[in-house]
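Next up: some structures, all given as structure tokens.
In what comes next, subunit A is part of two complexes: it sits with subunit B in the first one and with subunit C in the second one.
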Partner chain A sequence: MKIRPFRLSVFALSLLIPTALCAVVLFLVIYSGQAIMFNGLHFLTDVNWNLGDMYDDPVTVHGVSVPGGAEYGILVFIVGTLVSSGLAILIAVPLSIGAAIFLSEAVPGKIRPVLSMLVELIAVVPSVVFGLWGIAVLVPFIGHHLSPTGNGYGLLASSIVLALMITPIIASTLLDALLQVPKENRESAFALGATHFEVVSKAMMPMVRATLVGGIVLALGRALGETMAVLMVSGGGINILPTSLFSPISTIASFVAGQLDSAEADPTNMSVRALSEVALVLFLITLAVNASAKLLASGALNVRKRQS
Partner chain B sequence: MNILNKLRRTGVAALAIASLAGVTGTAKAQTVSVPLIESGSSLLYPLFNDWVAAYSADHPGADITTTSTGSGAGIAQAIKGLINIGASDAYVSDSLKAQNPSVLSIPLAISSQAVNYNLPGVKNLNLSGPILAGIYEGKITKWNDPAIAAANPSVTLPGHVIIPIHRLDGSGDTFIFTQYLAASDAGWASTLKYGTSVSWPAISGEIGAKGNSGMLSAAAANPYSVAYIGISYADKVASSGLGTAALLNKAGNYVLPTQDTITAAAESVADSTPADERISMIFTDAPNAYPIVNYEYAVVNSSQPASAIAEAVRAFLSWAITEGNAPSFMTKVHFLPLPATVVALSQAQIAKIQ
Partner chain C sequence: MACGLALLLVVFPLLDIVWVITVNGLSAFSVKLFTTNTTGASGGLRNAIEGTALITLFAMLIAVPMGIGAGIHLSEYGKNKTGSAIRFLSDVLTGTPSIVLGYFSYIIFIISFGWGFSLAAAAITIAILIVPYLARITELALEQVPNTMREAAYALGATDPTVVFKVILPAASSGVITGALLALAISVGETAPLIYTAGWSNYTWDGRFTHSPVGYLTYVIWTFIDQPDAQSHALAYAAAFLVMLVVLAINIGVRLTVRRTKFV
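Take a look at the complex of A and B:
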């Protein structure tokens, strides 16, 4: 048999990425195994999170050694993550569709690269900068003008900061797609007497629907996993479900970042295992979001094929 | 040689102890570069940076990397042997100490914590452990609650809802604040206890903030709020217009965090400090002691991987608690130097590092 060094090395390299992914998942599952056994399904449905008393002797519950009073329920953080990311998408999608259409249709070709580069630049601003802006500008504004309690930290602030971070992701993917729509489609729509609005909404948008969904998924992935900016403006809600736009929340990622240091002082190590179970849940959520979006996108693709 | 001059002026007795132990001699002799890693408390981080810069300047060959990760990480990594010096606002707990008997908790300096409030029109405010426990449990919800009014007979209190602010990240500040609440309020002691993170009761309108700087900006942005902030931030707290509360101590007096009251707390336990120096200075019984005072610790494994590393750790730590306790380092972060008896105990612990 002939040995093909190039093919072999490329094959090995291509295996590296799925292997790394599987290794991470495997690690999370094994490391959090004890916590999964200890928590059961209450983990997902309880609102109370308590690391317990780490400065007293650990107690034994169901044969597992944990700090006294420890209970791990993450419903608050699941709700916080989904609601803040969902709201961020609701704010960001109209904004980015508007921005992309403006850039592809209304801006002269010479200025377009400059403006679209500016939009892409926002996407690479480090999240901590958004967090600082949130603390310095957004939170006081919400507190003084919108919030009935005077408190600006919470769901609304987190969603707006997230929306700003993800708008350029959606806008720039959509812009690229709009610019690739064949000239013939646009021009024949115009020739049929369509208004500019009809050209964009009827002839161009249907062609880029799959890309739009893809961009939204990419953005949602970033929003679900965003840690630092949310940590700075979320108000860190714990043990309480959000009841309004101004309620403090915690997202899964920001909560893990906030609690990890305390968890490391746990002599039984159960706290770190529970946090790794939290991370596993976040991983599963993003996986589910991505998978369902893939399905949606392929559905949208089929519709387009039938039309053409 | 500015530091030496200042030391000479203040006449720190500790220097004599250090030279008695013969440590300064060995420190100068260290010429081979041994890399050391310090990691942990974000409160200690600025001080460690100043220390390492000054120490490296007159100790050629010293090579110390400092990082700010958090007290919990400092303790955990020191135990695992990933770093040489772990910085922590809290000493190693009894259960961790039982699991890892070779891990030492060595006090480096004295820190404390202020309880700050944003109350328009109110300049002086007295608070106590039970009042603060009530606020953070959601039992005391308005500033004109009878319990607060009773502690402040001459102050006109607004009938506004209180916004309690707590740390959402694990923090030594939460540790000492909740220790004060647990020491002075039986209800808090039996339910929430103390820790670097606690399970804060659900109160609508409360805020979780990240880091001392987050606490400060949350308190400044929200009138009618109350927050606990490390003493290092005293200057920024004052310039943002926040008030500092006088806290009820064990002797029944309301005291503000000043050099005198913090020193009083430290000196009241200096003689009873055990050899392993794991002792709380929270809520001590001296009449003018401020109730939230703590040692900042270096968490070090007494068995280091090599004798050269152990020697470098010993040299740096004994420099830190003697020359490093000079006012030029301490006043910038509002820490106070260790009492002489505690310096001697720390030197004894440092000598155990092999």
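Take a look at the complex of A and C:
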């Protein structure tokens, strides 16, 4: 085969992307190796994250040097992540479905681009700006009007901010799908005497259901990994499982972001290794969610092809 | 109609965010903001503005050639199994939470290489974050170029690089530039990957790529808003306003021009 230097060089450039991804996974695994050995499965089931006594001599457990009394459990953060993202999905799905149907059915074609651009713009607002708005507007509101303790930071504030951030993902996915439903389907449903509500709910929504589910899962992946906004409004709860909507929480991502100082203070480096294991867990969770979104999306394409 | 209410609930927070940040941000504006460095939690934002600009600049310098090169491969020569695998892994990298990338860079550059918090670590991290976007947007833009143009160029005896650089890239330039601008907006607004790589500095850049932390605007937003005094809050809002202005201006501009070219 002829050697083509240009093709080879752009191929090499494109290989850098998988290389970067593999390097991320590989180094997280290697670096957290000792932590994985030390923690075992307790890592996922323990409630307490305790850095131990960093000023005393380190002790050696299972051949690994750690500060005395250190224990690393991330159950609280796993629960915080899943519950806040789950609630965010519960809030975001009805809102996005409503907004997408309104945009595709009730808005004249001339205004639609403007409104759908507004919805898309929500997705590009930086996470830290959402967090700032959360602190300035949302948290005081929850504290004054909803929370029995008067403290607005916590699970509810995190879920609402997350819901706002993921709504445009679901809404614009659904809007694209709704606009692609063939005109004939709509018109024949109308011709059969269906009301507008029936046309949307019985003729159009079933056709876009798979796409909708794919969009929701994609949004879930984004919510699970969201860091700054949650870090700023979650109240940073550790070592206790959330009991109400107003409990302070931490998600896996926000916990990692907030732990820099304590990680640097550990002379045995064990907390840095444990945090690396935390990051690895977060990566695996989002990978699983995004991969299923991808599978659902490809399934959605098949359905559409079969129907048309 | 309930659906209209839903749209209102979706759009209202965006308008409120823009409103709150603009009002508070503008009232904190002064010339001093751009001419003095941060001292403690007061002073100006010169160091942070410069830091964000530098991180973005070097991240783009690394990421744009890589991303466009990868996009060229995926669009022109990557319609096979290897190409699909690269595309899939690139999407996985896009979906990876930015804090995970930041922590990875912390392990590699700060701990293993011993660079300390630095411009190089921050720029490389942001570059890893935006390369997959650039690659996929470039690929999409190049795919829009009709095949007849490629065939015509090859028929005239043009080589691979000539076809790509003289024919396809110019034809797809607006799409590629769009991608680069969106990547720029992402890198200006990122925070999480910088916490573990850039650190923070009260001074402007001293010209060193390693062993010298840099300040950045988004750091000001999330740390200064937790300070008790009004002066720090004003700085946080001013920084948020600057970041939001850049991000929204790029995104609105891109959307308006792309829409116009699509309709003409």
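We adopt the following convention: the second predicted complex is superposed on the first by the 269 of 308 C-alpha atoms of A that agree within 3 Å, B and C clash if a C-alpha of one lies under 4 Å from a C-alpha of the other, contacts with A are read in each partner's own complex, and residues count from 1 in each chain.
Criterion: contacts are C-beta pairs under 8 Å (C-beta built on N, C-alpha and C of every residue); 3 or more make two chains touch, one makes a residue touch a chain.
Computed from a predicted structure; not experimentally measured.
Visitor: Should the superposition on subunit A be reported as showing a clash between subunit B and subunit C, or a fit?
Guide: clash
Visitor: Determine, for the superposed model, which of the two partners subunit B and subunit C contacts more residues of subunit A.
Guide: C
Visitor: A:L115 contacts which: subunit B (first), subunit C (second), both, neither?
Guide: Second partner only, subunit C.
Visitor: Check the residue A:I135 against both partner chains and state whether it touches subunit B (first), subunit C (second), both, or neither.
Guide: In the superposed model, A:I135 contacts both subunit B and subunit C.
Visitor: Just checking: does A:M232 make contact with subunit B only, subunit C only, both, or neither of them? Give me first, second, both or neither.
Guide: Once the two structures are laid over each other on A, A:M232 reaches both partners.
Visitor: Is A:L260 touching the first partner subunit B, the second partner subunit C, both, or neither of them?
Guide: both
Visitor: Which holds for A:S14: it touches subunit B only (first), subunit C only (second), both, or neither?
Guide: second
Visitor: Quick check on the superposed pair: does A:R4 touch subunit B, subunit C, both, or neither? Answer first, second, both or neither.
Guide: second
Visitor: Counting only touches as set out at the top, which of subunit B and subunit C does A:I240 meet: first, second, both, neither?
Guide: After superposing on A, A:I240 lies in contact with subunit B but is clear of subunit C.
Visitor: Have a look at where A:L103 lands relative to subunit B and subunit C in the superposition and call it first, second, both or neither.
Guide: Only subunit C; A:L103 stays clear of subunit B.
Visitor: Classify the contacts of A:L51 with the two partner chains as first (subunit B alone), second (subunit C alone), both, or neither.
Guide: first
Visitor: In the superposed model, where does subunit B crash into subunit C, at 21-29, 57-65, 219-227 or 309-317?
Guide: In the superposed model, subunit B runs into subunit C at 57-65.
Visitor: So which bits of subunit A does subunit B touch that subunit C touches too?
Guide: 135-136, 231-232, 257, 260
Visitor: Touching subunit A in the complex: which residues of subunit B?
Guide: Subunit B residues touching subunit A: 69-73, 75-76, 90, 93-96, 99, 161, 163, 166, 168-171, 193-210, 214, 217-218, 221-224.
Visitor: Can you check the complex and tell me which residues of subunit A touch subunit B?
Guide: Residue positions touching the partner: 48-51, 53-58, 69, 135-136, 139-140, 143, 149-153, 231-232, 234-240, 243, 247-248, 250, 257-265, 267.
Visitor: Could you please specify the touching residues of subunit A with respect to subunit C in the complex?
Guide: Of all residues in subunit A, those touching subunit C are 4, 6-7, 9-11, 13-18, 20-21, 23-24, 27-28, 31, 94-99, 101-103, 105-106, 113, 115, 117-122, 124-133, 135-137, 164, 167-168, 171, 221-222, 224-228, 231-232, 253, 256-257, 260, 269, 272, 275-276, 279, 282-283, 286-287, 290-291, 294.
Visitor: Can you tell me which positions in subunit C touch subunit A when the two form their complex?
Guide: Where subunit C meets subunit A, its residues are 1-7, 9-11, 13-14, 16-17, 20-21, 24, 65-66, 69-74, 76-78, 85-86, 88-93, 95-104, 107-108, 111, 128, 131-132, 135, 159-161, 164, 185, 188-192, 195-196, 218, 221-222, 225, 236-237, 240, 243-244, 247-248, 251-252, 255, 259.
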